[in-house]
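I am attaching a structure below and will ask some questions about it afterwards.
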Amino acid sequence: MIALLIRDLRLAVRAGGGFGLGLAFFLIVVVLVPFGVGPEREILTRIAPGILWVAALLAALLSLDRIFALDHEDGSLALLATSPLPLEGAALMKALAHWLTTGLPLTLAAPALGFLLHLAPEAYGYLFLSLALGTPALSMIGTFGAALTVGIKRGGLLMSLLVLPLYVPTLIFGAEAVRRGAEGLATAVPLTMLAGITAGAFALLPFASAAALRVNLR
Amino acid sequence: MIALLIRDLRLAVRAGGGFGLGLAFFLIVVVLVPFGVGPEREILTRIAPGILWVAALLAALLSLDRIFALDHEDGSLALLATSPLPLEGAALMKALAHWLTTGLPLTLAAPALGFLLHLAPEAYGYLFLSLALGTPALSMIGTFGAALTVGIKRGGLLMSLLVLPLYVPTLIFGAEAVRRGAEGLATAVPLTMLAGITAGAFALLPFASAAALRVNLR
Amino acid sequence: MSIWEYANPKKFMATTTPVIPWVSWASFGLILVGLGWGLFLTPAAENFEHSVKILFVHVPSVLMAINAWFMMLVTSLIWLVRRHHVSALAARAAAPIGAVMTLIGLATGAIWGQPTWGTWWAWEPRLTSFLILFLFYLGYIALWSAIEDQDTAADLTSVLCIVGSVFAVLSRYAAIFWGQGLHQSATFSADKETNIDPSFWWPAVLSMGGFVLFFIALVLIRTNALIRLRRAMALEARANRGAS
Amino acid sequence: MGYAQTMTRLTVTDLSCARGGIPVLDRVSFAVDAGQALVLRGPNGIGKTTLLRTLAGLQPALAGTVDLPEEEAAYASHADGIKATLTVEENLAFWAQLYGSAVPESVYDAFDLTTLRLRAAGTLSAGQKRRLGLARLGVIGRKVLFLDEPTVSLDTRSVGLFADYLRDTHLAAGGIAVIATHIDLGLDAPVLDLTPFKASATMAGASDEAFL
Amino acid sequence: MGYAQTMTRLTVTDLSCARGGIPVLDRVSFAVDAGQALVLRGPNGIGKTTLLRTLAGLQPALAGTVDLPEEEAAYASHADGIKATLTVEENLAFWAQLYGSAVPESVYDAFDLTTLRLRAAGTLSAGQKRRLGLARLGVIGRKVLFLDEPTVSLDTRSVGLFADYLRDTHLAAGGIAVIATHIDLGLDAPVLDLTPFKASATMAGASDEAFL
């Protein structure tokens, strides 16, 4: 299992592997929003938690199509399916690799970008915490979406359509935690919910993903 | 030339072709933003023009990777390059097909979504007009980005990075036109600029795209 | 004789085809009576004026939208476990109907909201969770239409439906939490159904029953249509195979 | 080298298989003993790929049984599962790790990859890539190989190398191979022509049968 | 059928070409007259693909000249440019339209596609797909064909069909074909072995030469 994780990480850092691109996309979206909504400080402070979470979510989303599609195209997926590694394990490792290459960098970089959007000072800790708790769920849910659409050539957009509604609870609790944090309110509920979603996703979705992969390989 | 356009449109409406998905993505992003920033009406009205334009831009962006990548993978692109159709013409047709399947539906649907974000009533006309003038530029610029990254497997994210900065002027003028429209100010300048960008993009970028394609095919 | 016999497409078509007109007419009748009674024979509630009468469309469509998804969940499970084609096709048939019901619910709600709250749309938890349900319908339909092989599509959409159900419920609670948050929209009060006049009760029930039958009729018609489509595809494939 | 000591035998009994929901092959039966290979032949579209995928467990059979030792099958098709940005060594090392084995030095020689070891796989020519794909089989240590047109793009010498590997290393150690190919591999193996097993147009088992 | 009347001849003089910035072939020269084919041979990795891509104009030559009538070359490689969701007919019609020609009914026979005309190309077997890819050549009406391993995955009968098409239709009408292949096509054509033209390790022309 660890072999797959290492290979995926290695592929990610090689030329064309896309490591760091999710981060750059995050940055650009965050920068684009002021161009769209105008530069007023109060407005930006107000919408910062939401924009940061939506941007993080989109950045995670955009790198999903690499999870299985490349392996499917070059035949690795069929070979993996006939290997001793159960597909459930493969799905789990893929999600983990995705989080390490996308979710983790996003989490680490988000506070810096909060700065650009004049995020309230009290909120930084909650931004970091909510992303740390929530982004693994984004990766795992995304892996499931990728498994569903792996048979469709360039199914990236379809996958987005399937995955984004699944992202809604994570987004709501995540952004809410930051907003409440910014205003000094209690954040225990949304943070607990985030952790719960992540735990539940990792417990159940590998099985759903493996089932979808099997159907697609048939 | 028309043969290529027809084929691309036909592929788009076949199973897995992705027609309509850009629209659905647009809808979802617009819906997600309130989850992030909260439900207050005034805030939403305030940021609606910007969010609508950013979402349209992302929807256009996400469908870009289909423009050349599929043709490159299955070898069509090399065959097109050795066909009587000049690559400039191919790039132009690809941009046109992209606009017809993405930009046009977005433009038509945007007013309905403005509704969800409580867009100011005066702004609807300008939203429609600015998208009608601006989305062709998005398609053409995106085609150029797709041509640059066609050699990279699953280069979607990299392409986003290249293309988004190029989208900035279009975004600024587009969102500005809507915001001014919402506040009853003069919109002639941003609208003219949008039209200018579109005209310029269609006049020049097919050549740049063809050059990039030739390099990538080498 | 087991109920699963009706899982045979031909048997299913033979059994349901004669039933469809009855169900259809019954649903029209109920809806007509329910709406007629509701629209013309009930007093306008004091604080809502006549706009309240859209309730007779709004509430049934909203309920059917939820029930359609629930039916898809059940039929998806049946397909995964027992692999009855009719079950998968029924799920597929119900999806667009459910989506349209969701849209009708949203639209009538909006029309209702305009005179009541003075706005067409508010980001209120119930409305919001319905919008999310609509997104789930969209994704489900998109996945069906993106996959050419019908059995593969049935399998994958079934998995999506099951996982999606969990997340749809989760979304609803998330939306409630979100809407109840510190920024509750002041224009909206949640206790809208508290003062429904008892005279509204019967027409509402009739119209609800009508919508249920209407939904059943539509699902049957669409399922039969999909069965015929599959049959045409099967015959064509057979003809091609005979030729080669 | 030699594979684990349990007696190995691949027995296929009355196997019917379908592709795209349509029956393709009807009641194929054969058996291959340890140390033997079987060559599948038949015109394009007869169902060689379908049969091999069914044997490898990638798709369910319509009817019939496949009897082979658990966890011993490996499948290889045109798509080699090669990662363009990894080097030849890294590609092989990954598969070895996944199967819990090590990369034997001898595979580089056996598949003429010695000079290419440090090259990124994406810069190999078609035939070199193919050799790398085949070398994977020498790395994962599986006893029963299902090979779909393994020699596509290979020059005569490489075909010879591959046949040598099969004969002298894989089969000699008690392995089994079922190979679909249109060319002559130079292996001394029985040939099974699939043409007689072509499913009739009216054969039962199509996924859309219930609709007819 | 017959191609336009201008006298056709493909002349290659002292052509050197590179792949991935590294010289691969050094000073290849040959000429092919109208109605003739040339078969390229050589071990895997010698540079057949590179040479064909250079001839087709997909990549620039390091040195030397390629002399052939303008707008008459067509290139075909493993990647057939087939769209999975279009039917066989639609695939061919597209290329015909692009080249401003019509799809001659005879290609369906020539490539044994008659029964597959209405099938979505994605559901074809490997060899059937290949036949469709080759049929494209019969549709676009180009005089000079550069073919890279055209018979991969084809069964013996299909290889024969293709050789017949080349001989009796394409070459008979005054066409030219340069074919890289590892198997015997059964064409009566001169063979050019590329082994002697292998570029030496020190040959000038590498893209990173300036840094040495």
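Each chain carries a letter (A, B, C, D and E) given by its place in the written order, and its residues are counted from 1.
Methods note: a contact is a pair of C-beta atoms (placed from the backbone, for glycine too) under 8 Å apart; a residue touches a chain by one contact, two chains touch by 3 or more.
The structure presented is a predicted model; accordingly, all values stated were derived computationally and were not measured.
Think of each touching pair as a link: the shortest run of links from subunit C to subunit E has 1 of them.
More C-beta pairs touch across the A-B interface than across any other pair of chains. Among the other chains, C has the CA centre that is most remote from the centre of subunit D. Chain geometry summary: the mean Cα position of subunit C and that of subunit D are 49 Å apart. Centre-to-centre, using mean CA coordinates, subunit A is 37 Å away from subunit D.
With centres set at the average Cα position, the gap from subunit A to subunit B is 24 Å.
Note on chain placement: the centre of subunit A and the centre of subunit E lie 45 Å apart, centres being C-alpha means.
In subunit B, 15-16, 18, 21, 24, 28, 34-35, 38, 73, 153 are the positions where the chain touches two or more neighbouring chains simultaneously.
Counting partner chains per residue, subunit C shows two or more touched chains at residues 132, 135, 138-139, 142, 146-148, 178, 181. Residue positions 20, 78 of subunit D are each in touch with at least two other chains.
Per the contact rule defined earlier, chains pair up in contact as A-B, A-C, A-D, B-C, B-E, C-D, C-E, D-E. Subunit C meets subunit A in the complex at residues 132, 135-136, 138-139, 142-143, 146-147, 152, 155-156, 159-160, 162-164, 167-168, 170-171, 173-175, 177-178, 181-182.
Chain contact summary for the complex, subunit C toward subunit D: residues 8-10, 85, 149-151, 227, 230-231, 233-235, 237-238, 241-242. Put simply, subunit B touches subunit E in their complex at residues 3-4, 7, 10-11, 14-17, 71, 73-85, 217-218.
Within the complex, the subunit C residues that touch subunit B are 119-124, 128, 131-132, 135, 138-139, 142, 145-148, 178-179, 181, 183, 185, 187.
Residues 56-60, 71, 73-83, 85-86, 90, 94-95, 97-100, 136, 140 of subunit D are the ones that touch subunit A when the two sit in their complex.
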